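Sharing a structure, written as structure tokens. Questions coming.
Chains here go by letter, A, B, C and D, matching the order in which they are written, and residues are numbered from 1 within each.
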Amino acid sequence: MDAVEYLDLLLKALLLAGVYAAMAVGMTVIYGVMKIVNLAHAGFLMLGAYFALEMFQRFHIDPILGAVMALPVFFLFGMLVHWILVRWLPKSDTPTLASLLLMFGFLLVLQNVGYLLWGTEDQSILTPLTLSSVQIGEISIAKVKLVVFVAAVVCMIVLQIVLHRSWFGRSMRALIQNPYAAKIVGVDDQRTARLTFGLGTAFAGFAGALLGMLYSFSPDFGRPFLLRSFVIIVLGGLESVSGVALGAIVLAVLETFSTAIPLPWYWHKWSFYYLPPSYQPVVPFALLVLVLVIMPKGLAGLFNRKWKAA
Amino acid sequence: MKRPLGAAGWIKVILPWILLAGLLLLPATHPSDNLIRLLFITAVWTTTSLGWNLLGGMAGQVSFGFAVFFGLGAYTTALLMHAGHSPYFGFVGGAAIAMLASFLIGLPTFRLRGPYFVIATIGVTEAVRVIMNNLDVTGGASGYRITEDKPFSPLEHYYTAIAAVALAFVVSMVIAGSKFGLALRAIKQDEDAAADLGVNPFTSKLWIHAIAAGLTGIAGGIYARRAAFFYPGDVFAFQTGISILLMPVIGGIGTVWGAVLGGVVFGMVEEELVVHFPNLHLLIYGSLLIVIILLEPDGLLGLLRRLFRLFRRKREDSGSPDADQILWGRGGVEGRKF
Amino acid sequence: MAALKDVSFDIPENQICGFIGPNGAGKTTLFSLITGAVRPSAGQVHFRGKDVTGMSSAALVKRGVARTHQVVRPFKAMSVLENVQVAVHYGRHAVTRTAVAREHAMEALKLVGLDRKANVLASAISLGEQKRLEVARALATAPELLLLDEICGGLTGSETGAMMELLHRIREGGTTIMYVEHDMKAIMAVCDRITVLNFGQKLAEGKPEEVQNDASVIEAYLGKSTFRDKKRG
Amino acid sequence: MRKSQIFVGGHFRRITALAILLGGITFFPGSMRALAADDTITIGVVLPTTGSESKPGQYQKEGIELAIKQINDAGGIMVKSKGKKLKINEIFYDDGTDSKKSASLTERAMSSDNAVAVLGGYSTALGTAESVMADRYKTPWITTGAGATAIFGKGYQYAFGTLSPVALIGTTTGEFLGSLIDQGKLKKGLKVAIVVENTDHGVDYVQGFTEWSNKHAGYFEIVLNEKFELNATDFSGVLQKVKTSKADIFLSDAHLPDYITMHRQYLQNGLHHQMVSYGARGPEAGARQALGAGTDYIFSGIWWSNKLPYPQAKKFAEDYKAFTGHDVDSWYAAPAYDGMRILAKAIEAAGSLDKTAIRDALKKAQLKDSVLPGQVLKFGANGQSEYPFVITQNKPDNKVDIVFPKDAATGPPVAPTPNK
């Protein structure tokens, strides 16, 4: 592999990181405020993809616009889910198994609803845009990846602004940082939780629509992305939005380069060995376990520890 | 401390024996092949359910990763049989390899608690499945086939599965009534407090994980021998892992009878309902799970008990707490208290 | 900021040693250091001549060091008897037989006066009873050294009295006690020796009356403490 | 317990809700099985009509049901031992693309439904799981959708297949490309990148191609040979390798969902090769609709094409359209259709509903008006049938031509394919 190819890969990894970040951020806000490990995230991603597909097929709405439209729709849907299911969970400052299993049960329901509504075949959203690519010298980049990246990044920036400028964002961040103090100073935790769940779901739906533009999907589509979201939010320290961006880049780069980097291998003598592409799906899963075990506080935790030691 | 057994107490003591006798004598009534097959598969699932319940129910460590042990049991049995060993030796081998794997998985992941452990187990199963899909020794994704020279005997498979369930049941009962079982229940409720009383949570979890894995491995081997063909996308599937988890949770987490009930209900749903309504099982399991988490943490067993009590209002709750705890115990999912 | 700095002391056998100090003085941290919940950045803990620094709490229990927690942590879904039974099974004597373990557990429960609640779920008893259960569990591990962390917090006067009575009985049974308490009256009444901590440092050490009369203690601690006690109601 | 008290408080309501749910799941629809009448022939059909292989499974089901309808319309099958014509009673099970269910449903059809034969098993993975049951229950089983040779190499006596071996796709692909080189359309020493699914299907394909390539030195140089996981969502890793390999020819062997996903990412990555193939996939309407002009010039080695110049093939295509209301899509329906027909022939030849007699008859059976290439369908010694493949190539505007072998060709091959 030459330098251009590495550059090509790096570019692809960064574009991938954009959509990864959008995908994981919904999970982070829900975890941060409510300490719920939201397994139904996979279901929301899947619904987002089908939402964009339906919008595109029925009303000929461009999937990018469909993804943006998913934001308010899924926001309301998320609030509804919170109102029907999530608010009955006992409050806790640490994640509970009950919440995890509840969301898992809801994921199964969503998945089955997906099967009933759309069948089990793989679907894909195809517009002229999704098949074409731009050529820059030797590097060719799918146009859809560029568009998706831009959409994801714009949305993340908007989220950052919401988090830092609005009363809702402030109360959310207050709840993340110190739930007790937040409640004492009058943050309505129930209401904030409902809005947060809506926001998390909105982002999941949005990211699902974007993913639907990149990959083909079926009702079981969310699971690998669910695990990737975990890796990202754990890398990012579980509760911070900027951490998510960092985690997304790390995961995307590792995944993309996993088959392109020669690994030194010792068998009688030193030699180099490439990870076969069929093993590539192991990377996020192995990374997940590794990250959880080695640095449960994420990359930031690792840095903090270093600083403390210094 | 001996307490006189009431009528209900006697039922609890006798019930397993009646069930066992019924299952052993059933073939004498010349049931249909399909019923034997159904009971076989239900017994296999119930064995895994009982196994999972030891770790997830008693010790409170919810794992999505039991497909690993099921699959390893299947493959080990198949490879040993291929090498010319008896299938029964294969089952033991499957259990041993599954136990070994449980240590390898448990050593790093048991440092994690609650949901972090859960997520780690999801990662482990997915990774193992991908690796097994690409491993040449086992034929990769093409799967593995067991060829036996003997003619196929449904009853032999049936009795093997019944024996496995009986083993799992006895192991569960013995552990539930032992000091180890007590320690596991303590760990489930408060790991640190248990450690302060001298229980070593880490090694306790490792051991119960191993026992659970061993039982699941045996079940995997028994399943594989009858299926005669299986591949990683089936025995190592995420779906297999969640099936094993759903059974005891639906039946009544933390209780031996709950795990049995869950296994039986699951077997029936998978084998009978799904034949006619292929696209509803996830909905059923999902809604059951939601209902159980929000309304009835003790699962179907808790519901049965509730119905039972509806007719016998006068019955006191803590008449015999020890027996109640073990058999019917209010296990509940951690974090949910009424 | 270190919670404890250069604190050094010995615990003589078969005595009740009290530790006092205002909130944040490092009392609970001290216990956590001894029982292995927190690893010290420097220094050592010796028990009966052996280095036990950083040893896990489970291993310490096996050697005869048990502790209670300021915030009680009963196993709520188990009966009171079973709560104690765990301790008997996994304590220093590691009793295996269930019947024997139950007997020992009942003895411990009798000692704290909970024998009549033996078959009640631990979630169903009062806070005072839960505090006693906490002590009974620690006691049932058959410790040689018992670390008690604020076992009187939240108890009524008569309950506190009964608890002090209990401590004397435990010591008569041959167990050494390290006792952290916020309640001055309780600790002055029951302890043989007292160590005063402040901002993670040892301020004074000695018999209760010596400490009571120590000028630095009065200045640094007692004045504030009176104020705090009032505030806590 | 705060708010939730209101929700959980009502003892009665809770019980009712739970009782309904419990009743719902333990509802045991055992009575739903239709009782087979005595004077019909029960045939089990197990195919995936849900799950990832639902489309091909559906097509195969339609093929089988078309044959059953035609046979029943003609009065049924003459069974000598009964002295009359008996109609076919089909028992269909959907396995949901789950091999565990494929096996157990086949077993169910053979044991409790007493089917005299079972048809089905689309895709190698599901077919392999089912194949085990045939000898176990001494019931003839004909797979109409599993072509991997591994299924038939086990000395099974009751397993048959109407798909020609997958390895032949590889060989035929080699032959086809070789002929293009001989014609001077492509240059000798082509660099070939092969990427196949990690199942027996893929293994057989590679084996077939490399065998041809080894025998004919100098034609090809295989520069990449990689596998991918079935039903993957992301092929960027493997496609990157293809790109790096700088190959001239891109050969893949994939099932339908993977073909669509992979080719889409192929196009997105701006890849182009002189020739592109996805094994037995290519002309499927779904894929062409989805990927548009991107699927033009893909060539595929398939078991059947509606372009075959046989009258019976044309008639089958017409009947199929009349029966299902849609055009026959790629090859899937034909081997299933003929599988049922050859079974009917064997039952008639056996003259009884004895399963072993039917098995013996199947071993000898010949379907002389087969719609499949070669026009005669019969089973080899191992139970698998063997007939030539046709190579089709997608042409612009949703057209498909048979381009190889020459005597069946309906149009010239386009090689190398134009780079837009």
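Everything that follows uses one rule, which is that a contact is a pair of C-beta atoms (placed from the backbone, for glycine too) under 8 Å apart; a residue touches a chain by one contact, two chains touch by 3 or more.
Computed from a predicted structure; not experimentally measured.
Student: Sort the other chains by how far their Cα centres are from that of chain D and give me the top one.
Tutor: The most distant chain relative to chain D turns out to be C.
Student: Using Cα averages as centroids, what's the distance between chain A and chain C in whole Å?
Tutor: Chain centres of chain A and chain C, defined by C-alpha means, are spaced 47 Å apart.
Student: Please report how many Å separate the Cα centroid of chain B from that of chain C, as a whole number.
Tutor: Chain B and chain C have C-alpha centres separated by 41 Å.
Student: Could you please state the distance in Å, as a whole number, between where the Cα atoms of chain A are centred and where those of chain D are centred?
Tutor: Computed value for the inter-centroid distance: 36 Å.
Student: Suppose each chain is reduced to the average of its Cα coordinates; what separation in Å results between chain A and chain B?
Tutor: 33
Student: Where in chain B do residues touch two or more other chains at once?
Tutor: 130, 133-134, 279, 287-288, 294, 337 - these are the residues of chain B that touch more than one other chain.
Student: Can you list every residue of chain A that touches 2 or more other chains, as numbers and ranges?
Tutor: 88, 115, 224, 276, 278, 281
Student: Name the graph shape formed by the protein chains and their touching pairs; answer line, ring, star, complete or other.
Tutor: other
Student: So, with touch as defined above, which chain pairs make the list?
Tutor: Taking the chains two at a time, the touching pairs are A-B, A-D, B-C, B-D.
Student: What part of chain B is in contact with chain C in the complex they form?
Tutor: Those residues of chain B that touch chain C are 1, 177-179, 182-183, 185-186, 189-190, 192-201, 318, 321-322, 325, 329-332, 337.
Student: In the complex formed with chain D, which residues of chain A make contact?
Tutor: For chain A paired with chain D, touching residues are 1, 5, 9, 12, 87-88, 115, 119-122, 124, 126, 130-131, 133, 135, 140, 142, 144-145, 215-218, 221, 224, 256, 258-260, 276-278, 280-281.
Student: Inside the complex, what are the residues of chain D that reach chain A?
Tutor: Residues in contact with chain A: 3-4, 7, 50-52, 54-55, 96-97, 198, 226-229, 232-238, 240-241, 243-244, 257, 260-261, 264, 267-270, 290-292, 294.
Student: Under the definition above, what is the set of chain B residues touching chain A in their complex?
Tutor: Touching chain A from chain B are residues 60, 62, 108-109, 111-112, 114-116, 118-120, 122-124, 126-127, 130-131, 133-134, 238, 242, 249, 279-283, 285-290, 292-294, 297, 333-337.
Student: Which residues of chain D touch chain B in their complex?
Tutor: So the residues of chain D in touch with chain B come to 1, 7-8, 14-15, 17-19, 21-22, 24-30, 32, 50, 93-94, 96, 98-101, 103-105, 107-108, 111-112, 124-125, 128-129, 131-132, 136-137, 148, 150, 154, 197-200, 203, 227, 229-230.
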